[in-house]
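Quick heads-up: structures coming right below.
Next come two complexes, and both contain subunit A; in the first it sits with subunit B, in the second with subunit C.
Right, the complex of A and B next:
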């Protein structure tokens, strides 16, 4: 029987052994960054429920197994990824298999002038000095075990850089594929998006399993939006129900920048989505939308932290959970308003629909406000399908399960409607319909 | 078509209907009138199959079969339609999407071929025109943000699309101005046919100026205390419900 400490030691030993083979291993700051992160991880170990940020989410099952970090060649054919693409979405595409770039599956295509798009391993080798401010000591969250584990590897992911006033002409689709074959693997993508003043991009991250192996995805992304930059970010998580998905996305926003996030979390036995946004300039705005579905024994945890650091910034969060079976959904949304962040607007809502008596929703808004001239609101509900609505639909002839399915879809729909890209929202809606059709009789009628 | 015998219904400890007898034949329009709290809405809901009501005595037969054992959807499939006094707003559920699902569920249950999207839309637009429902409302969420009049019109529109055998309209006239009332009435009159029947539940006589009933029944304290022709409604209008109580007391 392995103890948690043994497992941490095992990860550290494997990290140390593969360190010389990692990209840009000879660059001093990269080496130091990895070593320091490995020491941080060894010191921190996996989080426990005694830590406030992990109070509702137990990673015990995750830390009892070992997910291999060493990359091996997995042959994934073009035909495998075909069903995961979005018909009608003309895009730049990067594909990662177990966290490592797969150039043969990727299709970056021609890029507008001023846009640099490459995988991180290439960028680390090509221009390490340019990345140091973001990935080196300054860019670290040292007290976060999963971030430390990711940084200790610092192997691959996407690196997107936009020069001032450039616009990524087409959406960027990032596919993160996990495959186990004979073993349980760990994918640790590390993504960096640097959007200079006035630049714009649309990015879709999608996470999929290619087989039934239990894999761990531990993804870290950093987004830096300079003045007036705009990023529309979509994330679809649909890994298999044996897998673990831990992700953190850190966003730094300057004056008048806009970050828009749309999350759809469907898969994994345990999914944790951390999204931290620092609003560092006047007029900065973030809109965060999230929809999470859980069934069976799935556990999904959305953890947000918005920090209003300067006056006159807006944040809006709208998260919804649909929980069935014995699933558990967690929303922990923290809003911090700095004393000098006057005229801040912060809205937060979290609504949960429980479809079974054994499903559970935990919702925890945390507002920490140190300025006096602010508008902050939050609302949270946990409820069931409305009997009046059900009766109304059934009285018109809809079978009960179809009526329930329509109401569930209706509950989710306003989040889908807020997605500006209809090729994406239509596809995501179809995914919801497919899932609801398994438990509710939707398909026969729509 | 519909035979209600000695129907007693309670909600919790309270008995609301205390022995209703009513027979409705194809082609007939029956108006059920009565003061607030007399049990009118309870009767409508029980006929449509709403949960939460307990039938403690009596029976309801529809086309010769027991109705009370059927689910709300099975009743709809058999041709029963309830027009709601307070139509429910259903965010996120598109009016057309829902109605197409409803009509096809009924067609499927009756062994008919389902309508395709094109045929359905043609038919729905025609019916919307008939009841004066703004077409833009068809693409909105069911009743969401509709005015009171639009909600009632949407009920009549749904009725026109679903073409029920037995329509039960629960205070469809409440909250309508004269123009809306006329349109609602036209929708109901257009449905009148020797094979169909209508039960109009209403507090006021004025709807009956537009939809002329064959029979008027007065419900009071869970019982039908008087039945008659259209003239009964006019008497009620003139004398109010108090007159009935006095008449009952003597």
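Right, the complex of A and C next:
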């Protein structure tokens, strides 16, 4: 039995030993960044429940096993990824296997002028100096253990750069695949999206397991939106029920930029989605939608923090949880309004549906407000399906489980309806129906 | 609004009206805390052995604890060894039997505060058990209450006369190990109030205690215990004002309520401890642990509080809803001005079936004050069909203050229903404009809007208190326009 400290030391030792093989290992600032992050990770260790941000999420099970960091060749054929693609979605595609770019599976295609799309390892080797302001030690969050672990590796991921007033013509589909074969692996994708003034893009991230091995995904993404830039971001997480998924997405928004996020979390035994948005300019706006499903012993934790740093920005959050079996859903949303951020509008809502006697929902919507001319509100509910609605459907002759399935779908659907890209929302809705059909008789109706 | 900001400044600069110190000779222990001090307190109060043991146990546990630092508060370090843990006004050996025997200087103090005991007692029908520093000096209406079998007396008297009740219930709601300040209180508390309502009795009058901090450098550690036997009802009022001084004073009280089957306890507080001056110097640290235990089925506990004072408030009156169908309520107005800080809220722990709770919290923040609501709603596994509704609204007046909301909701039962809503805003220009165009002065309009904002809570207060509370609110905020 290893103690947590032994495990941290083991990660650090492995990080140190593979350091020379990592991309751009000879570039001094990259070396420094990795070393500093490794020291931070060694100092911080894994978070415990005594830390407020991890109060409802215990990573004890995760830290008792070791997930291998070094990459080995995995042969994944084109046929394996075929079912994971979105029929009818014309897109640029990048595929990562255990966090490392797989060029033979990717299809970047022709890019519009002014758009640079490549994997991070290539970008780090090709133009390290351009990435320093974003990945350098200065800008890193140092008090976050998983971010530190990710930065200590800083290996691969996607790097998307949009020149002013350019538009990525087709959605970008990022496919993150985990595979274990003989051992438990760790995928640590590092993504960077830089959208210059007036540019636009649509990005879809999807996370899948190719086998039943327990893997750890620790992803870390940064998005920087300059004035008037727009990003639509979709994330689908459906890894197997043995895996661990930890992710953090940091967004910096300038004046009049718009960030839209849609999350659907279905898989993993422990899934944690962190989304931090800084609204740094007037007229900046973010819309965050999230739907999380939990069953069996799954644990899903959605953590958002929106910081209104300048006047006149808007934020809207809508998260919904559907919890069955012995699942536990956690929502922790925080809105911070800086003293300068007058005329801020912030809305936050979290609704949870508990479907079984052993499911649990913990929700903590926080407001921290230092400016007076603001309109901030939040609402949260936890409950079960409405008896009256069930009765109404039953009285129309629907069997109970179909009626329940229909109501659950109705609860979830309004989030899917807000996705502007119908090819994606239709596919996700189908996934939801498939899941609900397993426990409820929906097939006959839809 | 530049015109109103002058008003604002002038009103916010207002001196604390109740600031004065009565010169009474105190029998005070030297500052410091160790087991001997606790033995000394216990000995001075002629306490039975079980209580001394209980205190020492609490003290030993306290030594192992650390000060809580999770609240959104900025607290200057407290030197617990610089506090004197016992101070008693000098009175004749047997203590006063009636008002006539009470030290006239004390009565004068109450008069300056506008609460002449006898008058209040006679007019309002309120029995006042006045706590002057740590020892109760006057208790009225005892006869009338004792006819009903009600015990309403200073805590130390209850220890002498009803040790079996004290032993049975003391610490049964807030154990000595509960938290840092509760442990400290358990070790060194000197006095407080004790209420026992026998089975089926409806207390014929509102019970009231006025707390007042007096001797300099004396921390106040009250202990209140209210026991409502099956089918009984009691409404208890607690209110306080404190004299002005520069040194921060620690006030760490513990209040325990026990409601047995079908019993109801209504606990109302108007808190106006000295909040410190406009620069944030001085003021009371109000670190209070209040908890009610709905032990029996169909019992009910409701907390109502109007908090306008204290430099720092750290207070979470809670309800443990253990009995089936029991009800918990929390109604709160917290006003902070200048450099005041408040981190207050409630905990509703639903354990029994069909338990219900309502939380209404109104926070008003002005000047450079920080006001936080922090609340927990916990639905246990067996709390089937339990309900909670929480509403917390914050009003910001001025651009340098802060209002925060930290609700925690934990639901382990699918049939339980939890709802939470919160808003933060300032007084709307449209609301003000509407009042102004009807010929209402700006100041009256603000007061009207603020009163409307708080109405839901004022409604819960007993009549006499509602008047005092509204005055307090007006005094704290008059002229503040955001």
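Just so we're on the same page, the second predicted complex is superposed on the first by the 446 of 446 C-alpha atoms of A that agree within 3 Å, B and C clash if a C-alpha of one lies under 4 Å from a C-alpha of the other, contacts with A are read in each partner's own complex, and residues count from 1 in each chain.
Operating definition for what follows: contacts are C-beta pairs under 8 Å (C-beta built on N, C-alpha and C of every residue); 3 or more make two chains touch, one makes a residue touch a chain.
Source: prediction; values computed, not measured.
Of the two partner chains, subunit B is the only one touched by A:393; subunit C is not.
When the shared chain is aligned, subunit B comes close enough to touch A:413, but subunit C does not. Using the contact criterion defined above for the overlaid structures, shared-chain residue A:363 touches subunit C, although it does not reach subunit B. In the superposed pair of complexes, A:402 makes contact with subunit B only, with no contact to subunit C. When the two complexes are overlaid on their common chain A, residue A:381 makes contact with subunit C while staying clear of subunit B.
Taking subunit A as the reference chain, the count of touched residues is higher for C when subunit B and subunit C are set side by side. Residues of subunit A that lie in the contact sets of both subunit B and subunit C are absent, per the superposition on chain A. The residues of subunit B lying in touch with subunit A in their complex are 48-51, 71-73, 75-77, 81-82, 84, 87-88, 90-93, 97-106, 108-109, 141-142, 158, 162. Against subunit C, the residues of subunit A that register as touching in their complex are 52, 339, 342, 352, 354-357, 359-384.
Residues 386-389, 391-400, 402-403, 406-407, 409-414, 444-446 of subunit A are the ones touching subunit B in the complex. Remark: subunit C residues 70, 72, 379, 381, 394, 396-426, 482 touch subunit A in the complex.
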